[in-house]
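Two complexes follow with chain A in common, the first pairing it with chain B and the second with chain C.
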Partner chain A sequence: MPAAARTDRRRPAVAAVRRLPEFLTIWVPLLLSAGHLISFALWTIWVSFTPSTLVPVSGWVGLRNYTAMVATRNWQIAFDNLLVFGSGFVLLSVLMGLLLAILLDQRIRGENVFRSIFLYPLAVSFVVTGTVWSWLLNPGIGIQKLVNGLGWTSFRFDWLIDREMAIWTIVIAAIWQSSGFAMALFLAGLRSVDPDLIKAAQIDGAGPIRMYRRVILPTLWPITVTVVVIQLQFAITTFDLVRALTGGGPGTATQLPALVVYDFMFQRGLLARGAAAAVLMLLILLAVLLPYAAWRYLQRRQSAHA
Partner chain B sequence: MNKITRRAMLASTTGLIAAPRLARAQAVKPRLTVISQWSAGSDGAAITALGKKFEEKGGTWQHSPVPGFTTEMMNKLRAQIMAGDPPACSQLKGPEIAAWSKIAATVNLDALVAAAGYEKVVAPDLARLHKPGGKWISLPLQIYSTNMLFLSKRAMDKAKADRIPVTWAEFNALAENMKAGGVTYPIANGGTRPDDGQKFEAALAGISPAAYRAAMMTLDEKALKGPEVKAAFAQARRIADWMDPNTAAQHYSVNLPRFVAGDMGMMIQGGWAQGVLLNAGFKLDDFIIAPGPCDNGKPVFLLNADAFIFWQRKEPDLQAGQTLMAQLVMDPAIQTMYSQITGSIPVRTDVDLSGAGWSDGQRRTAAALKEAVAANQAVLSLAHNMAQENGMTAAIIDVLTEYVKNKAMTPDQGVARLSNAVEGAR
Partner chain C sequence: MRETTFTPNRLLVYLAVLLLAAAYLVPLLVVVLNSLRTSEEIAQTSMIGWPKQWAWGNYVIAWGDFCIAQTCAGIRPYMLNSALVTLPATLISTLLGSVAGYAVSLWRFRGDRWIYGVVALGIFLPQQMRLLPWTVVLRDLNLTNTLTGLVMIHTIQGLSFTTLFCRNYYVAIPQELIRAARIDGAGFYRVFWRIVLPLSPPILIVTVIWQFTHIWNEFLYGVTFTTGQQQPVTAALIALSASVADIPQHGVQSAAVMIAALPTLLVYLFGGRYFVRGLTAGAVK
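And then the complex of A and B:
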């Protein structure tokens, strides 16, 4: 009896020591990264309320930097572009990824090869993507010249230098880069559909298209939301792709918030204004992530009650 | 017998230990930590040559170039200043010198400048930029003009022209002749922001140097809304229509082969383009260099000058290095060597440019500078961050680059946007 009592008392302590490596591996990096992220975010928020220009100085100017930033054409163009680019890119990359995943799901030969090919652009850096696409989309040396040379002399594909369409060139390059990621997630989702469901639908006489539409795709809903959220956060923070592809666009037509932040903070020596733009970017991100978090919370509560 | 006593041993050992320090104090080897944006091309070659001269004089040269535009170099400079470890010497130019001197301590160079008699041989507008607060804290090294006119010999032949245009009217006529003679694009241009800014500032300074001074250097409201600025926008629209729209955001150097071949006629670029052309393998007789057009007949010179600023350091070897560097920068032989490599002209007005190693373009530029200073038409370039600080310059160039790329924008709209941008950035 005394021996059992002794081991009882020791067990929690021994168990804790045995799990120490796990704790350290998880909690130390987590706390360090969280501390790093939060402390710098707080510092940026503080700078956005000071009159800092070349170097950070203390002081308080209220919301002056925010009103000044929102009033600049750069920010207004950037915000509009963000709406266009964000919705266009997310929608099209989800559709593209879904299409590729469905096509790859058909148990074709060499599926691994195709999957690698579609995933490969993810490994290329954004700067390389932007540079090469800037050559491809340039009317004088790229696709337009090629097609004109092949004989279709009235073919036009000069979006890169067109103020209205230049943002879509960035959508094209971004889709090329990250559809593979959407495809990989969707493929995993498609493969994890319950085979009994599919067999039942086949017995009921559903053709492939109806089977996809009515049976398989609805089960992909959670994965779709995940893909949308991840692609949205990527879209909101796009910087090097735009810098390499259009440099901010013909004139200032393809400005995006991340470029505005960098431009004001470092190239114009207006730290406080740039910090205000960065905080505005954070607010935009929160406007996307908070509803998602709320939706997940509600989902969990529903499934807990159900 | 002389016994070496313990006391003598102690005394001599102490003396031996002290001796090297005494020797070091008397002959400190100068060392210099430098940062600049000149990492490649003719600029990189020039600063490497300057470093070799520094080492020939017995110093240790530690140069860390930061490739990119000047702003990337300034980011590194800001980081080092905030960390308390500024480089002994860094590149800086224009009104940024005054702005940055407020955030970190600089070295007072008055004594060295007086000893070298440098102030007498520097243009007064330029000298004022480098002595904010009345004391010399930075030294200009080379001068470029940002509105030099480059003419392709083959394109001139196609247009059957033999006169270099002097006024904007003649320039426009020559461009029309070139177009009629088969030159696809009379103006060779890049798509970067300074390029677009250069077109406008060349137009405005050529139309009226006085209006340029009032509008761009002093930011006078009336001048910003005045007729000269509107006329400059109209001229910039004409120039934009003669440029290749497919250039997108590329650097102007991608169009150099077509320029030399005669497919593109003229360039309004800075004097550095000479170095770039020669580096790219083209010959001096493929093109002609002349001052940019100016409507009142006398040349207008848009100044762009690079300078070195010296940050206070406590280490004696860095201080000795700063003294040596300052003396080198003011030396006419060093300025000659530097400018011959980069294609600029020396800051010193007493350097003789008639020898070999100087091109006709450089001689013309130097003559233009002399005439412009005499006629009070030497003004500071806006597009190259000489006339205003970075924030104001960027706000103005936002308007200019949109105007150049957006054919639907009228000169009136350009004027309105420009004054709004200036007000917003004040």
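And then the complex of A and C:
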């Protein structure tokens, strides 16, 4: 409509009003999203420097909430657990995902069915996963009871109530739930390996194991980094799974940072301490994400130059 | 079909795949079977076993009878809550995200890169950093302990993902197409309606499935911002296992777990391809 455009040019006020709905549709959702992200993050950081307890109050206590939080037994347990859970879960789920992907890459029949089976846990809530595994791992009704009932009466599998081992029950359930994700990414990577590379290796007489070790797996390492980072991100923010599986127990044996945040904010009513724990969580997350972002940036620049 | 001969190696591969598949299916199988066994039978043997008699009644009790924290209406009200939160939040966030993704990728305006960057970074900001601010916002808007409040939270937070998905998809649409339409006098909405939307069904399905699954499965906000009768089903499941801790009702609890997991399992069953595409799209940001 060139005529309309011409009128618009003559009367800018009319044009502005005509474009208002469009302007609003573009900016309102984007500003709501970006605005809440920035202001919420800044506000939580601000609260972590105030003496707030049951309600947010202004005031400045410097780093006192942080030093107090880091000194609590809860945070120390949660941090140690995060190290165990983070490394154990990430390492094992990457290995499991790689194994599944390599197996599915062997031109097996019914590949789609198997892939769906390995991926379905991802569609289920962590609350459901945690609840079901809490039954399976409960020595009174789960796997131990089954094996005992079959005649092997001295069989013990009681990690769920063992302070030392309880964190590994979270690892088991988390691997069950999300190794399929690693599999999906690895499988996509395996399928995009240059066929010429494989042919060349075959001509050189490489057997299947050598082929994977020397030719195929080295091409997967960028994907591996991505998988590790995403699984770490999940590990750092894990909350639902623990609430449903162990409730943080026995005692405080399976505390993780996200549970400490919730506990201090909403159960103890120590908002500033909880906020400090949340900021610490964010810092741990950034310690993983920032190097990853830098690495991605370098990679992209390299491939742009190549 | 490719020709496959059965060498010992291939047999080993099949054996491994079958064993692993069985292991991944066990938890589901256990819940399904237990949901059909009486709680007494489970208590006598273990959680793992074949029903001696099919206790279909578990589902009736789980759906409408048993008590969670003094309210004896089964899981039905909480399922309804979850549906009333998930459906509007999914639809609104997908719609807004698709328009926003279109605006930042094809329409272009001053500041589009900057604001899109912030929105996309939102997928990394942990929920724990938003808990306190949302508490205050809900209180000020008088939406504490309401489903409307949860819809608002999930819609605004979901925008990060929906905008990212749609933007990455729309970037592939040639700019010339949009430019030509604009020269013909088509405005913001007309271009969206006539050009962008007809190309969108694949990414909209991915986005809807992603949002639906995530919002349905969400627990932290549900348990923090709602109590009692207003809770979504994930929070109700936790409340249920707490309220039967003394006398476990594993048969009925299993039925409740099945009912709560069913919507997302069905979505996965029928839209698995799109679900996986969302997973990998989210990964390769």
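One rule holds in what follows: the second predicted complex is superposed on the first by the 263 of 306 C-alpha atoms of A that agree within 3 Å, B and C clash if a C-alpha of one lies under 4 Å from a C-alpha of the other, contacts with A are read in each partner's own complex, and residues count from 1 in each chain.
Throughout what follows, a contact is a pair of C-beta atoms (placed from the backbone, for glycine too) under 8 Å apart; a residue touches a chain by one contact, two chains touch by 3 or more.
The structure presented is a predicted model; accordingly, all values stated were derived computationally and were not measured.
Identify whether chain B and chain C fit side by side or clash on chain A in the overlaid structures.
Clash.
Looking at the overlay, does A:263 come into contact with chain B only (first), chain C only (second), both, or neither?
So A:263 only meets chain B here.
Could you look at A:202 and tell me whether it touches chain B, chain C, both or neither (first, second, both, neither)?
neither
So in the superposed three-chain picture, is A:192 touching just chain B, just chain C, both, or none of them (first/second/both/neither)?
Touch partners of A:192: none, neither chain B nor chain C.
For A:143, select first, second, both or neither according to whether it touches chain B, chain C, the two together, or no partner.
Second partner only.
Answer with first, second, both or neither: which of chain B and chain C does A:87 touch in the superposed model?
In the superposition, A:87 contacts neither chain B nor chain C.
After superposing on the shared chain, does chain C or chain B touch more chain A residues?
On the superposition, C touches more of the residues of chain A.
Once chain A of both complexes is superposed, is A:160 in touch with chain B (first), chain C (second), both, or neither?
Only chain B is touched by A:160; chain C is not.
Give one of first, second, both or neither to describe whether A:67 is in contact with chain B, with chain C, with both, or with none.
Neither chain B nor chain C is touched by A:67.
Report which listed segment of chain C has C-alpha atoms clashing with chain B; options: 80-88, 98-106, 188-196 or 242-250.
242-250
So chain A touches chain B in one structure and chain C in the other; where do those two contact lists coincide?
134, 138, 141, 266
Hey, which residues of chain B end up touching chain A in the complex?
Contact set of chain B toward chain A: 69, 71, 74-75, 78, 81-82, 96, 99-100, 103, 191-192, 244-250, 389-391, 394-395, 398, 401-406, 417, 421, 424.
Write out the stretch or stretches of chain A touching chain B in their complex.
53-55, 68, 71-74, 134, 138-141, 158, 160-161, 163, 246-253, 263, 266-270
What does chain A use to touch chain C in their complex?
Against chain C, chain A makes touches at 1-2, 4-5, 22, 25-26, 29-34, 36-41, 43-44, 47, 56, 99-100, 103-104, 106-109, 114, 116-129, 131-136, 138, 141-143, 145-146, 149, 176, 180-181, 184-185, 188, 208, 226-227, 230, 233, 236-237, 239-240, 243-244, 258, 261-262, 265-266, 271, 274-275, 277-279, 281-282, 285, 289.
Mind pulling up the chain C residues that touch chain A in the complex?
2, 4, 9-10, 13-14, 16-17, 20-21, 24-28, 30-31, 34, 42-43, 45-49, 96-97, 99-100, 103-104, 107, 109, 115-116, 118-119, 121-122, 124-134, 136, 156, 159-160, 163, 185, 187-189, 213, 216-220, 223-224, 234, 237-238, 241, 248, 250, 253, 257, 260-261, 264-265, 267-268, 272, 275-276, 279-280, 283-284
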